[in-house]
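Residue numbering begins at 1 within each chain, and the chains themselves are lettered A, B, C and D in the order written.
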Amino acid sequence: MSENESKKRNVVVFACNECGQGAMNTAGVARIGYDTAIKIVPLQCSGQANPVLILEALKDGADAVGVVGCCIGACHFVNGNMLSMHRIKLMKKLFKELGYSDQQINHYTARAAEGETAVGDFEDIMVRLKRAEKEGNTLPGGW
Amino acid sequence: MTIMSVKTKQSQVQPQNLPAPETKRQFKTSDDFDDDYLKDIERRSNINACIQCGTCTASCESGRWTAFKIRNIIRKVVLGDLSALDDPDIWQCTTCYQCYERCPRDVRPTDVIIELRNYATARGNMSPAHRAVVANLKETGHGVPINDQARQLRVELGLEELPPTIFKFKDEGELQRIADLLFNVAPPREKPASKDNLKEV
Amino acid sequence: MPREKIFAYFLGCIAPNRYPQLELATSFVMQKLGYELVDMERASCCPAPGVFRSFNKVDWMVAAARNICIAEQLDLNILSICNGCFGTLADVNKHLKADEAARAEVNERLKEIGDYEFKGTVEVRHVAEVLAFEVTPAKIAPLLVRKLNAKAAIHYGCHLLKPSAIKQLDNPEKPHMLEDLVKVLGIESLEFKDKQTCCGAGGGLKSFSAYDSMVILAEKMKNISEVEPDFILDTCPFCHLQFETGQDYLNKNFGTSYDIPVLHLSQIMAYCMGLDEAKIAIDKQMMGKNYSLDAEAIVCD
Amino acid sequence: MTEAEEETELVQETEQVEDAGKKEPRIGVFVCHCGHNIADTVAVEKVVEYAKTLPNVVHAEDYMFMCSTPGIDLIKKAIREEHLDRTVVASCSKTQHGPTFARAIEEEGINKHMHQQVNIREWCSWPHIKDKDGATEKAKQEVEAGVNRSRKLEPVETRQISTTPAALVIGAGIAGLRAASDLAALGVRTYVVEKESTIGGHMTQLNKTFPTQECPQCSISPLTNGVAHDKNVTLMTMAQVKNVEGSFGNFKVDVEISPRYVKDNCTSCGDCSAHCPVEVPSEWDSGMSMRKAIYKAYPQAIPSTYVRDKKACIECQTCVNVCPAQAVDFSQKKETKRIEVGTIILATGYDEYDPSEISAYHYHQDGYEDVITQLQLERLLVAGSITNSQLLRPSDGRIPRRVTMIQCVGSRNDQVGNKYCTGVCCMFAIKNAQIVKDAYPDIDVAICYIDIRTPGLNNEEFFKKAQEKGIKFIRGRPGEIQRDPVSGQLYVIVEDTLSNTPLKIKSDLVVLSAAMVPPKSIGTLGSALQVLRDKTGFIKEFHIKMNPVKSSRDGIFLAGAIQGPKDIPQSVAQAGAAASLAAAPLVRGYIEKEMLIPQIDYDLCVNCGLCISACSPNAIYRDAADNKVKINEISCKACGLCGPACPTAAIQLKNFRDDEIEDEIAALAVAPREGGHVHE
């Protein structure tokens, strides 16, 4: 377990230009800490994070991928976050069917005004990742 | 001066069998509440959405004539106030569903009452009359068993003396199985509900 | 798929054990309308939605499911003549059909009682609703041999229409299914105060506190007597019992002198379809013993 | 290998070829200490050293405050000396100082989109204060990612699009009129479209306005007259928007105008109405009085021209014959006008909720004539009402002894699907209660409420005044309105929740504070305008906090209750804001737009049109001419949602292309390494 804890990880988090990045900025301003594994990739909209990018991230060696958009109904581009949410649901299905853990890729929403929402998402990513690693059916990097 | 003397007189008087001060407590403490115990009710109904608007009580026929105030009971359940379990008023609901129909927040008060009564029964808070009704069911398979008058009337009307219900077949043993398996209610209890004796049930 | 025009006849408790004339009248009516009623042997108390559900919801569901299973084994839809039975059986039937977990739990318990398994293959119906919506007044009219000329205080009771989300029969605030139905019998429905409120019997209150139950009824009777109906028309033996014993109780204890006959929809329907007055057995009831239905024969040509 | 894969392979090859063609990018990396904010956690110099090892990085340095003038000068100097063609600044968030650095390089003649901002403060030093090494490693990765990202950045031109110097206001209620007159005052040609026969909206129906008990007619008449006679304003009544084409700056709108059947030479003498044999309930009077089939909503109505209700008319021609000006003309036909505008303001207001849905209140049922809504009460009390402003109840025309008001009718109610609080009913009821109490001191007035909500200046004071006047406030939502079938007396059954007492309030008149709901016609209009509606049915604002005046579509702005329940001042304020937002691009004459838009590779495009359906601002369309998918550069919002929708990756948002983002990821997915990671 301790080994599991100490392990250096890299988690790619796609954040939309509005609430996603906004919440992460707010979290920083409030000095709310989270795992250094979290690496943020700014996008225009969470709906921009397509399966190709998500798989590329895992292929390049990322341990997990998260997509953070605005709250459902608050997308600045109408329904980008919905598209992304459903897309990731489908990918989770696919991962399961391929025999891999569906805990490696997750979709979240955050509120620009509340940093803790983003940090909560980050923590959930790590929890799920560690659980998946325990189960030992995570997608191997660098394929 | 006089007042002084009066005071001293009173203080010398030894009060006889007055109720102990702690029994007069009007406020409640965390011991009177339990968040988890009533959680199931929250899960099965929608009480946390209650805005205490009173539509339920205003729609309650029983509440117009009895001490039964459905809104207050909902409030107690929301707060996890265990005294709701020992409150005899919860048995005044006629389950007419008027509140259920009108609640603007879809709290489904009638269901809350039923749930609450289940908890109360499990704790043995059940009236003798209700125990009698249960006894009827176990004995005859009916909440309201047949009587001689009805038997006679059935015959007069040209019906069989006994309806083809379970009572007619009571000797087959199935009625006994029902009696053994269903509605085995808890014995009466003295102690009011509190955090420490909840688990005893 | 259960057959049409034939029902498993669920009696309940009060109808067979206190008011057999209701049981009789219903079979008469349904048979006149070309329906067949099959006895549900070994059926028990529904059990009552007020009392028994309050004691233990699960046991209540098990006992109710057992009754439904009897009908499922006959492969027949259930016909109930009591709002309480209708309430219990319809609610449980709907719930167990929807909730698999509950169904599994209930079926487990059922095994211990006997050869029962809830499959969810049948529907639960109430005689009032069958007459109003399946048969319809138009089809009833030609079968009548008598037409009344009476004013009635119609009491729907609670569990016939509510919860409306489950029953979906009529608007519980201002229903009209019974008014429309009994019009063909020559009955005028009287509007009275608090028409839709409870008779006070339900929810175990009658047994828990007969007095409180009667207090509620007292208001009901006051409102009803104000409009001076020929009789009270109900669809539920328990309400029937409450109105009967209640008037007596009020007279004895509070000096009222109520003597308003109480008639179940089936009784009045049967009478108009030709069942003779003796079998309606008003004289065997507590109230309006000497009341005789004022009807004129319909000359069929 | 599937075709798709082959094709993607192909793209990458062609890209490599292109890259080879371009001259090597020259990147400058600038790492900021931000005083202690970054430097105390991140080993800045280590990051700089690392940056120097990265491909294409020809310059890297750090400084205490990059955003300060000396810092900016460092960047400019480096650009000049090292001939940088793009910059990466690792400091704070791109919203804070991204623009500062972008401006700096622009001043050096480099397109501002060639600047890449890396956030090592909010996203690194601040959250990771406790883990200095970890933070430093992460900072290295972020900087490398920034460099990778910057490598392929392309200049983005900013284009000016000239705008049609006219605006359209839909709805001529208080909000629409306010917006229209503000626009006109700015010299903007303004079209006002109103679907009713008169302008002024709900406000003209009111008797008094809270909290000052002013006369709304007097308050609004300057606006109605002003707008009607403003040379900059074209007023179109009985008109509805049918279709909208084009985009922000240049809309083409089709307006359908129903006939009045009365020509403009109408002198408004009223003979036609006087002789008309047909009577129907007056909508404007909320059905409290009758009107003729040919009528004018009310004496002061603007326009004052009469109008014929074709549905009600029996075509007896009496009006035609009696009209001294021969103005009545049954032959008039529907016509559709096309107008061209640069911006649109949507101000169609609200409808009053119909309480008959809540059957326990028996609204509109026989015997319950004395159950009315607040708006109907206004129509009774208003000057010149059918009762001569007396409070006479509808059933028997007698003055009620007891008036009971019920709040939250259709608001805060899951059963009828309106979960929201309308927000104005509390003040609405408190006002009317006072008016009644003032006029008839011995009438008992009770208000049954769930919560009294009176935020804002003077409102709570107004509430207190009502209490002092002896109006009874009962905290409870009535379960039902009961009618004694014998006496016909109404009772409101409510629990006073504050004393736990069920009450049976004898009431001679019951007034329902009905909710504000979206107007029935909004569905079709909303889809014609292609603006988003939220689940309540009201039109959704662009952003609930930061941009409540703009709609989800560029160039369409919201004013008043169409965006959600509002009182008059709120509507007026929003109307002013909408007017200035709508006027700005028209007064300036153009809108500026950065052409950060997707590019379509027609060799890859299979013309499936999936991108068209994915595009929320409807900026992608199929060109009728060559049947190819094209992009409306003006309405594109650069959200990039088209990319994922494309099965062949043919459509890619400029500077957000998959391969660019993949480069960025390459650096973040694994621990930093000398020489960096380049995406293969």
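One rule holds for everything that comes next: contacts are C-beta pairs under 8 Å (C-beta built on N, C-alpha and C of every residue); 3 or more make two chains touch, one makes a residue touch a chain.
If you're wondering where the values come from, they're calculated on a predicted model, not measured in any experiment.
**Student:** I need the chain pair with the most C-beta contacts, please.
**Tutor:** Among the chain pairs, B-C has the highest number of C-beta contacts.
**Student:** Could you pull out the chain whose C-alpha mean position is farthest off from that of chain C?
**Tutor:** Following the centroid criterion, the farthest chain would be A.
**Student:** When the centre of a chain is set as the mean of its C-alpha atoms, what distance in Å lies between chain A and chain D?
**Tutor:** Centres of chain A and chain D (C-alpha means) sit 31 Å apart.
**Student:** Just the number, please: Cα centre separation of chain B and chain C in whole Å.
**Tutor:** Roughly 26 Å separates the two chain centres.
**Student:** Quick check: how many Å separate the C-alpha centres of chain A and chain C?
**Tutor:** Each chain's C-alpha centroid was found; their separation is 59 Å.
**Student:** What's the distance between the Cα centroids of chain A and chain B, rounded to whole Å?
**Tutor:** Here chain A and chain B have centroids separated by 50 Å.
**Student:** Would you mind listing the residues of chain A that make contact with two or more other chains?
**Tutor:** Nothing qualifies.
**Student:** Quick one: which residues in chain B touch 2 or more of the other chains?
**Tutor:** 64, 98
**Student:** Touching two or more other chains, which residues of chain D qualify?
**Tutor:** Residues 360, 480.
**Student:** So that we know how the chains sit together, what is the shape of their touch graph: line, ring, star, complete or other?
**Tutor:** Chain contacts: none of line, ring, star or complete; other.
**Student:** Which pairs of chains touch each other in this structure?
**Tutor:** Every touching chain pair, ordered by label, is A-D, B-C, B-D, C-D.
**Student:** Once bound in the complex, which stretches of chain C touch chain B?
**Tutor:** 11, 13-14, 16-18, 20-21, 23-24, 39-45, 47-57, 59, 62-63, 66, 109, 112-114, 158-159, 162-164, 172-173, 194, 196-198, 200-205, 207-209, 212-213, 215-216, 219, 279, 281, 284
**Student:** What residues of chain B sit close enough to touch chain C in their complex?
**Tutor:** 61-62, 64-66, 91-98, 100-101, 110, 113-115, 117-118, 121-122, 126-127, 129-130, 132-134, 137, 141-147, 150, 153-154, 156-159, 163-166, 168-169, 172, 174-175, 177-178, 181-183, 185
**Student:** Chain D touches which residues of chain B in the complex?
**Tutor:** The touching residues are 51-60, 63-64, 69, 71-72, 98-99, 102-106.
**Student:** How about chain D: which of its residues touch chain B in the complex?
**Tutor:** Against chain B, the touching part of chain D is residues 360, 408, 412-415, 450-451, 475-480, 493-497, 500, 502.
**Student:** Please give the residue numbers of chain D that touch chain C in the complex, ascending.
**Tutor:** Going through chain D, the ones touching chain C are 359-360, 362, 365, 480, 482, 484-486.
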